[in-house]
Amino acid sequence: MTQVTIWNEFRHERDDDDDAAAVYPDGIHETIADALGEGDREYDVHTATLDEPEHGLPAAVLEETDVLLWWGHEAHDEVSDAVVDRVQQRVLEGMGLLVLHSGHFSKPFKRLMGTTCNLQWREDGATERLWVVDPGHPIADGLDEYVELPKTEMYGEPFDVPEPDRLVFTSWFEGGEVFRSGCCYRRGNGRIFYFRPGHETYPIYEHEAVRQVLRNAVEWAMPRSEAVAGTGRTFGNRPRDSRPDRA
Amino acid sequence: MTQVTIWNEFRHERDDDDDAAAVYPDGIHETIADALGEGDREYDVHTATLDEPEHGLPAAVLEETDVLLWWGHEAHDEVSDAVVDRVQQRVLEGMGLLVLHSGHFSKPFKRLMGTTCNLQWREDGATERLWVVDPGHPIADGLDEYVELPKTEMYGEPFDVPEPDRLVFTSWFEGGEVFRSGCCYRRGNGRIFYFRPGHETYPIYEHEAVRQVLRNAVEWAMPRSEAVAGTGRTFGNRPRDSRPDRA
Amino acid sequence: MTQVTIWNEFRHERDDDDDAAAVYPDGIHETIADALGEGDREYDVHTATLDEPEHGLPAAVLEETDVLLWWGHEAHDEVSDAVVDRVQQRVLEGMGLLVLHSGHFSKPFKRLMGTTCNLQWREDGATERLWVVDPGHPIADGLDEYVELPKTEMYGEPFDVPEPDRLVFTSWFEGGEVFRSGCCYRRGNGRIFYFRPGHETYPIYEHEAVRQVLRNAVEWAMPRSEAVAGTGRTFGNRPRDSRPDRA
Amino acid sequence: MTQVTIWNEFRHERDDDDDAAAVYPDGIHETIADALGEGDREYDVHTATLDEPEHGLPAAVLEETDVLLWWGHEAHDEVSDAVVDRVQQRVLEGMGLLVLHSGHFSKPFKRLMGTTCNLQWREDGATERLWVVDPGHPIADGLDEYVELPKTEMYGEPFDVPEPDRLVFTSWFEGGEVFRSGCCYRRGNGRIFYFRPGHETYPIYEHEAVRQVLRNAVEWAMPRSEAVAGTGRTFGNRPRDSRPDRA
């Protein structure tokens, strides 16, 4: 069965002075886990959080993970480089990675993109329309032409990432901005999807269409090739060895 | 000197019952020609229109053209396939092509894209914000983070074109839509830029920032390679001939 | 069940003076049909050929086709534009298209690419090595690092196509050339794969690894989205209609 | 005047037991500097090497550099992370970066790509043919359809890098391999070109066509936008600040 690991920083929700505690009392990871459980397809879902040993991502967990989701915000710098190295290597070997909302500034995403991943923002709780710009993409399956989110934090362009392989969503914000909200990449054997919606104090992950996108994206990001199984064709663990001549 | 040819359908502006006659009394092409004349760089600018013989684009004109601009709207079907063939061939050889606004449905653009180039639209004269999503791109040179156009026709996603090589602009519309308004492509040796703003009854091509974009885009689209000079390395006129073995 | 239609020009094989008659006595399409029947997955396979009415591709057939394979060579020009229109529309709606070998010059491929699709060639029966340059791609599943084809026709760069979305194979030729032999594209909702190997007088489609690639590519090219089912979200048949304002 | 900085590890050439000392007695950087001096265009050329303070790349040098060339091989790990941070930031701001041969494993290139940048290799001094696959690209200006290098080290696929924005060269090797030898990327505002040829014991950088490519690539990689001048539109140094609402 497909192994999905949901990583969450899990700090806001444990702070009584933070509104997140009321919105996601069990943590964003548990709400996302519920969302993944609602589809036709069954997954073996784990969760992992920053304050667990090795942030809940020891090598054994990552090796068995097919798709990793990542939500972080105020403690990106506390993620150890050793864990980031491991996440990067697993993506290059073929593990899927879904990076959510403020995860744009997470170490694994910046490592894989090679850019600042900078953007503009405004926390105003105004309306967002998430437009499907690539209706044939499986991540948009089952959606209408747009999803309206009544209260969100704004993210605005320019978003300093490499040109996406495919752009699935572009957001319109009531306050006058636009944002590339659904960006697909391949790095090594792995698939990466950045998905903008999600915030610690707006219940974005309770929204039906957002939950549908998360399920679609897990399906899309799953390893597609036997290369992952360690046949020697994987990039990540191939020795840079000399090759004999064809003669 | 760089040869620029501005092609305009030039029907709306000659129809007294059309508001375009008041907005662009000499034709959209003349307004664009003025815009190109305002920059630091001097061009040899020609214009050509639908109702001239061969639509003003006989082979001799196209062969000398470095960059072609294309504005059309209500008479796309009247453009002869022979002229479309020639435009396509010249782009593949290295001529730059700027496709403007309703030119998304022109024959040359559809021919070069291979898709329907369909989109959604609403003529409501509401505000558009043209966001620069790729600030390092030369087509965005000299612009602020966005350009505000107070009255425009809305174009909305999904826009059925191949994924652009680079996306320079994304539009925000007051009515709630978004659109990929500045799309770069290469086909053969030629560079193609689709630029959304422009309409026959709103004076979009009088707007300073839009004029700047047109000048920047002409500069960007110019042939970059000697391949254009007919050295035998151009794609368009290379015979599909047998090659001798390396021995 | 997935509907696969294999289109073959089927002229060489019916000409007693052509070596193809001995290599593919039942036609290239039947050999490919056999290959598709050898995998784990079962398909409903049809064949269609140039000299059938409507080239075997009436609207009813195309509408039910999930993936279309295309092999043509000496009679590209005899394919009617009406059928090409239909193939293009179906790809944009979501049908997969696999273009094989000399099909690079077929009308549907040129239509969808927008370029000349020109290349260089030499019919010398020398060795080709088809290198996997993207080992994590599902089309390369189960292959070794390269496939060696002992006798092939050479195709050489430059190949005048748009930059592929993903490049899966690059060929090395004994005579000194290289070629991008496995090119992935998306156009509208559809997936397109150009695959170089295959020739009417070398038994390329009897080669085990080539047959594996064909099966992998059919799997990859299948429609991925409900958009295909005509929900109104498909590009191809969407009317360019006015949209109401959000208010 | 355009400022070009050529960075070289400069260890092989100073080691009497290394054949490089005879091939590049003044260092690879000096040979490349000579090459850049031979074109129509004049540059202000600096060189910098690993064993200088801050590897010859203090902030003041990088800030004035328009295009940086990078050659390294056996001492990648000795490059300090602080210098790598600075190089990355400058590329994202708009500085061009040319990565040469074994520089594929350099820290700046891996940082900007986000992948292992792994490949296969064999040091056999056999023939390489560098094919131009994108004849309209300015980096290929003035070249024939291929460049033959009689004695080179082989690099083979798979090359674990993100799909290039444009692929300019693909190499054919006598021993049976292929390689994507000229890869263009944009990251942030900067242009990056990976160019395979070059080795410490084969006089590759004495080859006329290779020298032409280096000059072409410097021209291509130059900052294209005023964004570089620190107008506040650059990605690298933009504060992630709150934005006021449009009202």
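Going in written order, the chains are labelled A, B, C and D, and every chain counts its residues from 1.
Basically, a residue touches a chain if its C-beta (ideal position, glycine included) is under 8 Å from a C-beta of that chain, and two chains touch if they have at least 3 such contacts.
Remember, it's a predicted structure, so these values are computed and weren't measured experimentally.
Asks: If you tally the C-beta contacts for B-D and for B-C, which one comes out higher?
Replies: Greater number of contacting C-beta pairs: B-C.
Asks: In terms of CA centroid distance, which chain is the most far removed from subunit C?
Replies: Result for max centroid distance from subunit C is chain D.
Asks: Between subunit A and subunit B, what is the gap in Å from one C-alpha centre to the other?
Replies: Distance between chain centres: 37 Å.
Asks: At what distance in angstrom does the C-alpha mean of subunit C lie from that of subunit B?
Replies: Chain centroid spacing, subunit B to subunit C, equals 32 Å.
Asks: Can you pull out the residues of subunit D that are in contact with at least two other chains?
Replies: 132, 135, 145, 156, 158, 163, 165-166, 176-177, 186, 188, 235, in rising order.
Asks: Touching residues of subunit A toward subunit D in the complex: what are they?
Replies: Counting only subunit A, the residues touching subunit D are 88, 92, 111-116, 118-124, 126, 154, 156, 158, 160, 162-163, 165, 175-177, 185-188, 235-236, 238, 240-247.
Asks: Given the complex with subunit A, which residues does subunit C contribute to the contact?
Replies: Per the touch definition, subunit C meets subunit A at residues 94, 132, 135-138, 140-142, 145, 165-166, 186, 188-190, 223-228, 233-235.
Asks: Residue numbers of subunit D touching subunit C in their complex, please.
Replies: Against subunit C, the touching part of subunit D is residues 129, 131-135, 145, 156-159, 163, 165-167, 170-173, 176-178, 180.
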